[in-house]
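So that we are looking at the same thing, I have put the structure below in structure tokens.
Think of it as A, B, C, D, E and F in the order they're written, each chain with its own count starting at 1.
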Amino acid sequence: MSVVVQNIERADQSVIDRLAACGVATVHEAQGRKGLLASYIRPIFPGARLAASAVTISAPPGDNWMLHVAIEQLKAGDILLLAPTSPCEDGYFGDLLATSAQARGCKGLIIDAGVRDVADLTEMKFPVWSKAIFAQGTVKETLGSVNVPVVCAGAYVRPGDVIVADDDGVCVVLREEAEVVAKKAEARVAAEDGKRKRLAAGELGLDIYDMRGRLAEKGLKYI
Amino acid sequence: MSVVVQNIERADQSVIDRLAACGVATVHEAQGRKGLLASYIRPIFPGARLAASAVTISAPPGDNWMLHVAIEQLKAGDILLLAPTSPCEDGYFGDLLATSAQARGCKGLIIDAGVRDVADLTEMKFPVWSKAIFAQGTVKETLGSVNVPVVCAGAYVRPGDVIVADDDGVCVVLREEAEVVAKKAEARVAAEDGKRKRLAAGELGLDIYDMRGRLAEKGLKYI
Amino acid sequence: MSVVVQNIERADQSVIDRLAACGVATVHEAQGRKGLLASYIRPIFPGARLAASAVTISAPPGDNWMLHVAIEQLKAGDILLLAPTSPCEDGYFGDLLATSAQARGCKGLIIDAGVRDVADLTEMKFPVWSKAIFAQGTVKETLGSVNVPVVCAGAYVRPGDVIVADDDGVCVVLREEAEVVAKKAEARVAAEDGKRKRLAAGELGLDIYDMRGRLAEKGLKYI
Amino acid sequence: MSVVVQNIERADQSVIDRLAACGVATVHEAQGRKGLLASYIRPIFPGARLAASAVTISAPPGDNWMLHVAIEQLKAGDILLLAPTSPCEDGYFGDLLATSAQARGCKGLIIDAGVRDVADLTEMKFPVWSKAIFAQGTVKETLGSVNVPVVCAGAYVRPGDVIVADDDGVCVVLREEAEVVAKKAEARVAAEDGKRKRLAAGELGLDIYDMRGRLAEKGLKYI
Amino acid sequence: MSVVVQNIERADQSVIDRLAACGVATVHEAQGRKGLLASYIRPIFPGARLAASAVTISAPPGDNWMLHVAIEQLKAGDILLLAPTSPCEDGYFGDLLATSAQARGCKGLIIDAGVRDVADLTEMKFPVWSKAIFAQGTVKETLGSVNVPVVCAGAYVRPGDVIVADDDGVCVVLREEAEVVAKKAEARVAAEDGKRKRLAAGELGLDIYDMRGRLAEKGLKYI
Amino acid sequence: MSVVVQNIERADQSVIDRLAACGVATVHEAQGRKGLLASYIRPIFPGARLAASAVTISAPPGDNWMLHVAIEQLKAGDILLLAPTSPCEDGYFGDLLATSAQARGCKGLIIDAGVRDVADLTEMKFPVWSKAIFAQGTVKETLGSVNVPVVCAGAYVRPGDVIVADDDGVCVVLREEAEVVAKKAEARVAAEDGKRKRLAAGELGLDIYDMRGRLAEKGLKYI
């Protein structure tokens, strides 16, 4: 039952970079409001923004053995994503694992559990989005799997899917939809630029989006 | 049932400014320890401190239509305050709405739900106190109301009441009590200044507040 | 039932300083993965790191009277640690108490409840690890105890035990084990330095820790 | 600041009884989907269903003194409703207070905090809707108020407002709207009876409510 | 984006019945400890136990329109399973919808949100496993989808997968694995019967499972 | 570090039985309002009420091996009490372990984690107070300890301390204080009987406890 899938497909790096440029909120809207991880997944420091291919990990509660296995599977530009098999907030990951992952070109970690050594990780500029910051140690006794589909913080993630993460949280984009989503996201960014200028000039959304008629029709009363 | 109240009364700007200067903890104490919003309402960035008149919004879960309606009702110096009609952490508000609100002189947002684009909002210095940071999009399908009384994060807020907010959280002051509260709060600030000096010099609260007798009477034993 | 224990034993300052240098995660591992406070105890600002002897407080919900009593018991280099007798997130502690504590040489506060005036505390560089930031005021009506054993955020703490705290959270070390734990923690730090260099050079934990055989034995399959 | 309001207005008993017969979900719908207390307020035993006039209590955390004061204000058919001034789950109420309240004709208790002696209360058939079951004792040291408006579990409640409670939770109806709401609620009950029969016979809501056209218009695709 | 998939495959009824007989804990173990929904999904009354094919619903927060659409897709013996697109505890489902679903042969509901009219549902013996009991009403304004894969309370569920539910919670079995899992689960039940007798007779698990040697090897000390 | 302490002292059975007769709320009051476990520890079925000597277990998250070890240490009349070393809600315990424990005379289980097979446990009348009901399986890979002091749901418990549990929750009594506490608890029960009669007859607590003077003194106003 415990497997390591060694060859996974990834989206094109250029597409991944375009998704990073658009950010989580826009990408999430562009793909039909799906793929968000739960809001309890928060960055350990502000300002990080990235997109990367997921190397996924399914791990038992309180056991970080599979992280060592997963690091060998990383290609430069990947991100680690760990989902425990039952709810856990232990500190699976700290500065030593981050050093190892960073040496392999890993761009960060998404973990539906805890992380520790956050002062060091901040200094290393190794971004982590986690459920908790917790120093609680883990063991290396029970197997899990690497590069299998997982549910992480409420989102279904397959190995090689694109993870977009910034201060707003984390979103997953299906690898095969990445290019279409990037295009739609960029279109949203462009459209928003025009609206932003009009709004900044004091025009109202009520007028820009022509909402007054529909509001009246639904029965809104001004008193 | 869905209404927009267009003319609301506000407290004097000078009184609002005096409340801002005193801060949340002091204002809360000065008005008899009432009016605090729940502690889960947190600022999206540290250091903001303000007081403003509330333009209130009652909105359905996952529907941010009324924010567009509310922005038209803003006067310079107001703050938006949104309470969903059932618990929700969707991202009702982002950088476009903030641009629009800021253009109308809005000083910030209090929301018992989620907010997104927080990196942009931080850069814009548009302060938000929210329940969650969550990129989850919303729709514009169902009406709510603007400038009606709401319960927001456990506090009863009427349109035009004064909102005081800083790193400690958010407090609401009844519009008609604002002046009295400001006076009491300023008195507390003045009194605290004297005590701070004595405490900094090493005097004990036990002595400054003359507590030893009452502690002994209640039965405290030193061993 | 309400007592203040005036003379408590403390660990050697030099040992305390060595524990501070090692940090929470390492100290926790070195003492057999015990002593961590729950992960909901978080610092009010990042970057603080310290170790200190605990002056413990057992206080009723919403009543901060015993903090005044406890401050008199502080020796320079101590830390206050407050556990409410039932769950509470009221703001027991603010800038006046911090001024008083700091004047007595207190290094910080651990509190399984709320704190307020956090902007001031941050400016004063007075570190607090708390369950909540909440301006809610407290009263001074009911006694508690000072320097008695308490359970604080899930950890059993006796007066004089050593508290280690940093961005990862808070850990307690038994006073009588402090020296042994410091030695073990320093050994871990030394050992980690070597591993960090090898990992940074691209060596894998799988090889450094010789895990491949045991993984195969447990049944891990590469596909 | 601490007051006991002795004479409060109540709705007509016949109206109150009609609301009880309709139940929480129907009453809530009938008054425009407002007035619900948060879902964490749960009955201590299943099967109770009632409506009653609220005698409200604002009490400090961990202090149940005001319950004794409030019991004197009860008229037969009233219900006690307690909101703590900051979040608390202590056991404010047990079998002795229930005996006293029941002797005065009190029909139950709504409490945004804890309750204890639940085996006894169940045997006494004294219904309680609470946030927690917790044996934690309280003190009698600090005043609160009786028969003042409070926010209880997210709902604004004034003394004399009608409380409707059953296995679905708790809803508050403004005293002055009670009759109109009862009428609307009864109309809903009548209308639902007809629909229930058609649905039980296998007719679809899609047809009874004529939804197919609007679904198609919005873009629903059957595949 | 909003679709209703009309023809879904289901597992054999006989296999579904065998899974029901084994129960959640055993089925979950038999399939390698996967497929459990989060523990916050609880039955509204004790004693129900079933297995059924899932008709899945992805619905917006606070909008139960798709339930009406889904009921038309039910075959006798199916179960409804609803996942909101963002966290919500509104009461999507009550006695009228239950009457309609039951008339179509529906065996129950799994919902990662709220339910209401629970006294009626209990009387109707219509079992529901939900996140909350909450009377909060919903609207019918925004589309979702029926019979698409969803993540429900942390588990990935596809239409036609087998849902097993009892007092322990809810587990999903992949349709194509249902037969193999049923066989393994039945083997576990048989094996457990033998062990149960030996344990009831006072034999120890330490001996039945031959654990003493391995415990000693790992270093367990009896003192 | 992993030990099994084989000989522990227990309180007299007659004292334990007297504590059971008094119940959790009374015992907790009698010993000065200490020793309660957190309110999230709830019985899996209503109506159980017992007192017993604790056989304590410190176990890793998701690993129930030590339960097998602990069962051998049980004497008739004991209760198992398990605290995980980090927060966990996995189902450590089900009907097989209950059969084994019951065969050794065990009276129940207190667990700051999850339990499963609750329908069976209910039928067996084996009472459990737990944090969660969750079918999630556990492994047997990592050692813990038996009969060492633990912190369980916020309470410090030593092996042989007396556990009192009923529908109100769970309370621990120090073994060496058990007799004194039993005496005080019985005195409370006796005193309450008299008060219950007076309250049932309509006398007010305000008069029975002579509160009116002190309320007036503190400033309570009747209006």
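Convention: a contact is a pair of C-beta atoms (placed from the backbone, for glycine too) under 8 Å apart; a residue touches a chain by one contact, two chains touch by 3 or more.
None of these values were measured; they are calculated from a predicted model.
Any chain bridging chain D and chain F, meaning touching each of them, is among C, E; the list is complete. Looking at chain B and chain E, the chains in contact with each of them are A, D.
Contact tally for A-E versus A-B: the pair with more C-beta pairs in contact is A-B. Interface chain B/chain D: over half of the residue numbers present appear on both copies, so the contact uses mostly the same residues. Comparing D-F with the candidates C-F, A-B or B-E, the pair whose contacts agree for more than half of the residue-numbered pairs is A-B. Between chain A and chain D, the centres computed from C-alpha atoms are 42 Å apart. The geometric centre of chain B is 31 Å away from that of chain C, both derived from CA atoms. Chain A and chain F have Cα centroids lying 42 Å from one another. The set of chain A residues touching two or more other chains comprises 33, 36, 39, 85-87, 89, 134, 136, 142. Every pair of chains that touch is listed here: A-B, A-C, A-E, A-F, B-C, B-D, B-E, C-D, C-F, D-E, D-F, E-F. Residue ranges of chain E in contact with chain D, taken from their complex: 2-6, 65, 68-69, 71-72, 89, 91, 94-97, 99-100, 102-104, 114, 116-119, 122, 132-137, 140, 142-143.
Residues of chain B that touch chain C in their complex: 23-25, 28-29, 33, 36, 39, 42, 46-47, 49, 166-169, 171, 192, 195-196, 199-206, 209, 211, 215, 218-223. Put simply, chain E touches chain A in their complex at residues 1, 32-34, 36, 38-39, 85-87, 149, 151, 154-156. Taken together, the chain C residues at the contact with chain D in this complex read 60-63, 85-90, 134, 136, 139, 141-142.
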